[in-house]
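Both complexes below contain chain A, partnered by chain B and then by chain C.
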Partner chain A sequence: MATSKDIMEALADYKEQCNNNKRLRRMQRDWSKLLHFIASDTGDKFTMEVKNGEIIRNEAGARGVPDVIVTATSEDMCDMFWGDLNPAQKYLDGKILVKATPEDVQRIDAITMIIWPEG
Partner chain B sequence: MTESNDSLQKLKDQALADYARHVSPMKVRTLTQAGVNLIEDRREGTSVWDITGKKYIDCMTGAGIMNVGRRNPEIIQALKQALDTLDIGVFLFMSKPKADLAKKLSEIAPGGLSCTVFGVGGGEAVDTAIKLARGYSMKPEIIYTDKAYHGHTGFALSAIGRDAFREPFEPLMPGFKKVPYNDAQALEAAITADTAAVILETIQGEGGINVPSDDYLPQVRRICDEHEVLLILDEIQTGMGRTGKMFACEHWGVTPDIMTIAKSLGGGIYPISATIYRKELQDFFIPHPFIHLSTFGGSDLGCVVALATIEYIQKNHLLEHATQMGDRFRKGFDRILANYPDLLLEVRQKGLMMGLQYSNGSIGPRLTKKFAERGVLAVYTGNDPSVCRLMPSLVITPEEVDFVLNALDDSMKELSEEGGIGKND
Partner chain C sequence: MTELKKVLKLRTVVSASAGLAMATSVYLAGLQIALIVVGELAWISILVAGALCLLSAMCFSELVSLYPTAAGIKLYIQHAFNEKAAIAIGMFYVIAGASIVGAESYLLSSVMIETVGIHVSLLADRFFWMAIFIVLVAYINYRGVSITGWVQDFMTYIMFAFLLFVSIYTLATHDVDLGPALHSPDFTLGKVLTAAGLGIFLFVGFEWVTPLAEETEDYRMVGKGMILAVLLLAITYSLFVVAMYVGLTDAQRHSGTTIPHILFGRNLFGPIGGVIFIFMSLLASLTSFNSGVLNFSRFGYAMARANILPRVFSKLHPDYATPWVMILGLTIFSIGLCAFTLFTGQYMFIITMAAALECFIYVVISLCLIRLRKKFPDQERSYRVPFGKLIPVVNIVVFSGLMLGIFADTTRDAMGKVLFKNYWVAVAMAGFALVMTAYALVIVPRLQQAAQQRASTRKRRRPGQS
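Up next is the complex of A and B:
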């Protein structure tokens, strides 16, 4: 089980990876979304705001009305942000739940492919 | 010499790598994750084989391209024979295959649809329909429906009811207004003095196999008549026998002013589409006979293939067969619905156009994968991933229907035993 602090650290790493990737930023420049992440085992919630492809905010707690809600165990959530698991595979196995449009699900997978191409 | 499994897998891996490198890496990734990264190899009847030799019953059929089955030998024979004397022909000139097919289409289309403009694909047929409606009426407005799918070309894209397909390419054609599907009152309220036409899929395909209520299409017809607005019905997925009638609008006794057909018109062998319209609308083309041209539209080879396809459907009573196999599916669905009421909410169906409505948007992709593991290709609908579309070839046998139903039952059982499933709220 991962703590809220672990997940915030993983989110910070993810933000750095995404925001420092010029190709990804250009590809996602028309994507502005509010995402909520819910740790199913601990109940911890997190908010990520993406504006024009840039992650501008990560914070503990669920803020605002989300476009995307991702629910996973705290361990899977950390692994997802560290690139240690394939979120799409977990999604198809029913281990990660995503409430979003198909386009947003595709976008999230595209981010994964760009920052962890071998994943 | 039989190639070993290893060498076949290497062939597959190379093809996937080449496709990813030169066509679309994300498509390869997505289809691989969904368990449907087959490299289409052998195709026959209702089935397709991956290059590694794995057989699948094809219930996707390119959303209805393969109504007469894959590589139907009679259609292939017709094409081979045509190649002895024909080529694609020159679009500017007349030919006997073009004339024969246009005449045949007027015989099988609902009453009064007697003239045709040929094209290559469905989007082109829809573009032509909208051009004809605007040109004939000299009015700009087109009313389309939410979740509609009419293709990705210019006018067709402007009538597509999914923002994700539209937004990157805006501004699209002006004058297009969206209304809810299956809501005749909303449609009537949207009509103005500038409305040229209403365009609808008779049954929405990509939108989630949405079968309209029985009074919807007759009401739409009446409204269009009262307001002197043209009715365009898109029968690209529903036509050519898919629903147990040659065209789905026949179920409701409704004849459009313009009808688009494509996909199975080409028998799965040769691309061809048609925009069929009432004779009165020919008045637009009389002063403008060359205003809409398509280099490969209605190629002579395509016309021969389309004629053979229609003949095959009629000769083999595929309309009746589609109804019977649809009924067989229905009985199986009812049993599965009763067993998994929290996962499978309803089945929407007309003949062999079938949509399974799940309780959760993630179930469509997950079921696609489980189906594939069991040798069935069935992909969720493009505009609604909570719906799995089943559109097998009309030549499907009772045994194959049972195979698909067993695969569904097994998949549902497995899904119900997995965690992570909840109803959308």
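Up next is the complex of A and C:
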């Protein structure tokens, strides 16, 4: 089970990977969303704010009204942010739940695919 | 529970579900149903088909409440049986279902030729119109332009309102004598059920709305939306098919026309009636094509990302973030299907196959429901089909029967000439199912092995994990 601190560290790395990836920034340039991540086993919640493809804030707790809600176990969430897990696989297996439009679901998966293409 | 900024309303779930089922090909299928039974009593077969689809909608509703995800049907089968079965059946259902585009584009080309005439030759003009709509919809999807819920609602409800208005107007201004129809030798239980089998085609696609569960606050809304959509479709089609039948002349009914709705519109309101129906056809076909390309390209992308399809299909456009390889693949597949339909002229083969495919998937879904209740009796379900196993069992028996009935029948044209024996539909479906099974058993393990090899060469990034 990953702690809230583990997930915040993973999110910090994820933010750096995303914001430093020019290809991703270009592709997501018109994508501005508020995302909530919920760890199903610990109940921890996290908020990520994306503006024009740039992650501008990560914080513990659920803030604001989200466009996207992702629910996964704390371990899967941590692995996903470190790029050690293929979210599409888990999503198709029903282990990661996403509440969002189909376009947003695809955009979230695209982030992982672009920053860790070998996954 | 946290709420989403934008959530779908029930009216949008209903319009999406019903909108997927409403296409140009339903007019021709409706006339076929009317010609199988006595036209004035076609509503009985349509209501029977609608009632049966309603039972399936209830089964889908319970499964959506159990797995509220876009992975939908793959997940139900995977949890009920196993992953290989889920891949084989899921791909069989999706790809065979996509073949409807062949019939739909053929009929739409008839509408366009009727509208603008022939410029080069019938064959060339047909192919041009068939291809141009597919390319147009593919381009819209390639650019990532999406139809908003409000536009979807507006278009679908306008179509419903129009069909209901035309039906009620026709039935009020034409004589519909049920007496002779009830005593006709064509009004038999066998014919009513045969027509009901084809009637399933009128509802094809209502269940493709299950991925919308991710955009709703309450998963039960998807189930409710599907049930309302089926009810709305059943009532509208029942009225419209009878109205169209009585609104056509006997010669028109038996002329083998592919555009009965346009002839009906002209009979009713003159040239303007024809123009309105042409517009409705375009609207219905384009929204159906668009939903098809959107859903299939996203489904294909997710399958490629999960190493079930080759990785190339997961490529995204660098500017529009759309799965352009998948869209391109779908476009080529669709144009190939158009060419096949064009050269064989067997659009009824595809319509018959689609009806049988729906029956097949309803049987599969009912089996999944029974098995998942046994495997996970305590898993939370916000909706449960009432009366225990009765409804899924009835579904299995009835839809298996309908499917076998379709295969045992013979498809004829309006003049009664045999087009094909329907067992060829069964042969084509069985052949394709075999190919999909071989793909799931042979190709998918190789794709997954290659993915594992790639992953094993990569060091885990998470600190403290080897």
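In the analysis below, the second predicted complex is superposed on the first by the 119 of 119 C-alpha atoms of A that agree within 3 Å, B and C clash if a C-alpha of one lies under 4 Å from a C-alpha of the other, contacts with A are read in each partner's own complex, and residues count from 1 in each chain.
One rule holds in what follows: a residue touches a chain if its C-beta (ideal position, glycine included) is under 8 Å from a C-beta of that chain, and two chains touch if they have at least 3 such contacts.
Values in this document were obtained by computation on a predicted structure and should not be read as measured data.
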| item | value |
| --- | --- |
| Simultaneous placement of chain C and chain B on chain A, clash or fit | clash |
| Dominant contact partner of chain A by residue count, chain C or chain B | C |
| Which of chain B and chain C A:Gly83 touches, first, second, both or neither | second |
| Partner chain(s) touched by A:Gly43 [first = chain B, second = chain C, both, neither] | neither |
| First (chain B), second (chain C), both or neither touched by A:Ala10 | second |
| Which of chain B and chain C A:Asp109 touches, first, second, both or neither | both |
| Region of chain C that runs into chain B when the structures are aligned on their shared chain, from 1-9, 145-153, 181-189 or 451-459 | 145-153 |
| Residues on chain A lying within both footprints (that of chain B and that of chain C) | 86, 88-89, 91-94, 97-99, 101-103, 106, 109-110, 113 |
| Touching residues (chain side chain A, partner chain B) in the complex | 30, 86, 88-89, 91-99, 101-103, 106, 109-110, 113 |
| Residue ranges of chain C touching chain A (in the complex, touch as defined) | 2-6, 67-71, 74-75, 78-79, 144, 146, 211, 214-215, 294, 298, 301-303, 305-308, 314, 316-319, 321, 323, 454-455, 457-458, 460-463, 465 |
| Footprint of chain A on chain B - complex, ascending | 25-26, 29-30, 33-35, 164, 167-168, 361-362, 365-366, 369, 385, 415, 418-422, 424 |
| Complex interface listing, chain A residues touching chain C | 9-10, 13, 23, 26-28, 31, 34, 36, 38, 45, 62, 65-69, 78-79, 82-84, 86, 88-89, 91-94, 97-103, 105-107, 109-110, 113-114, 118-119 |
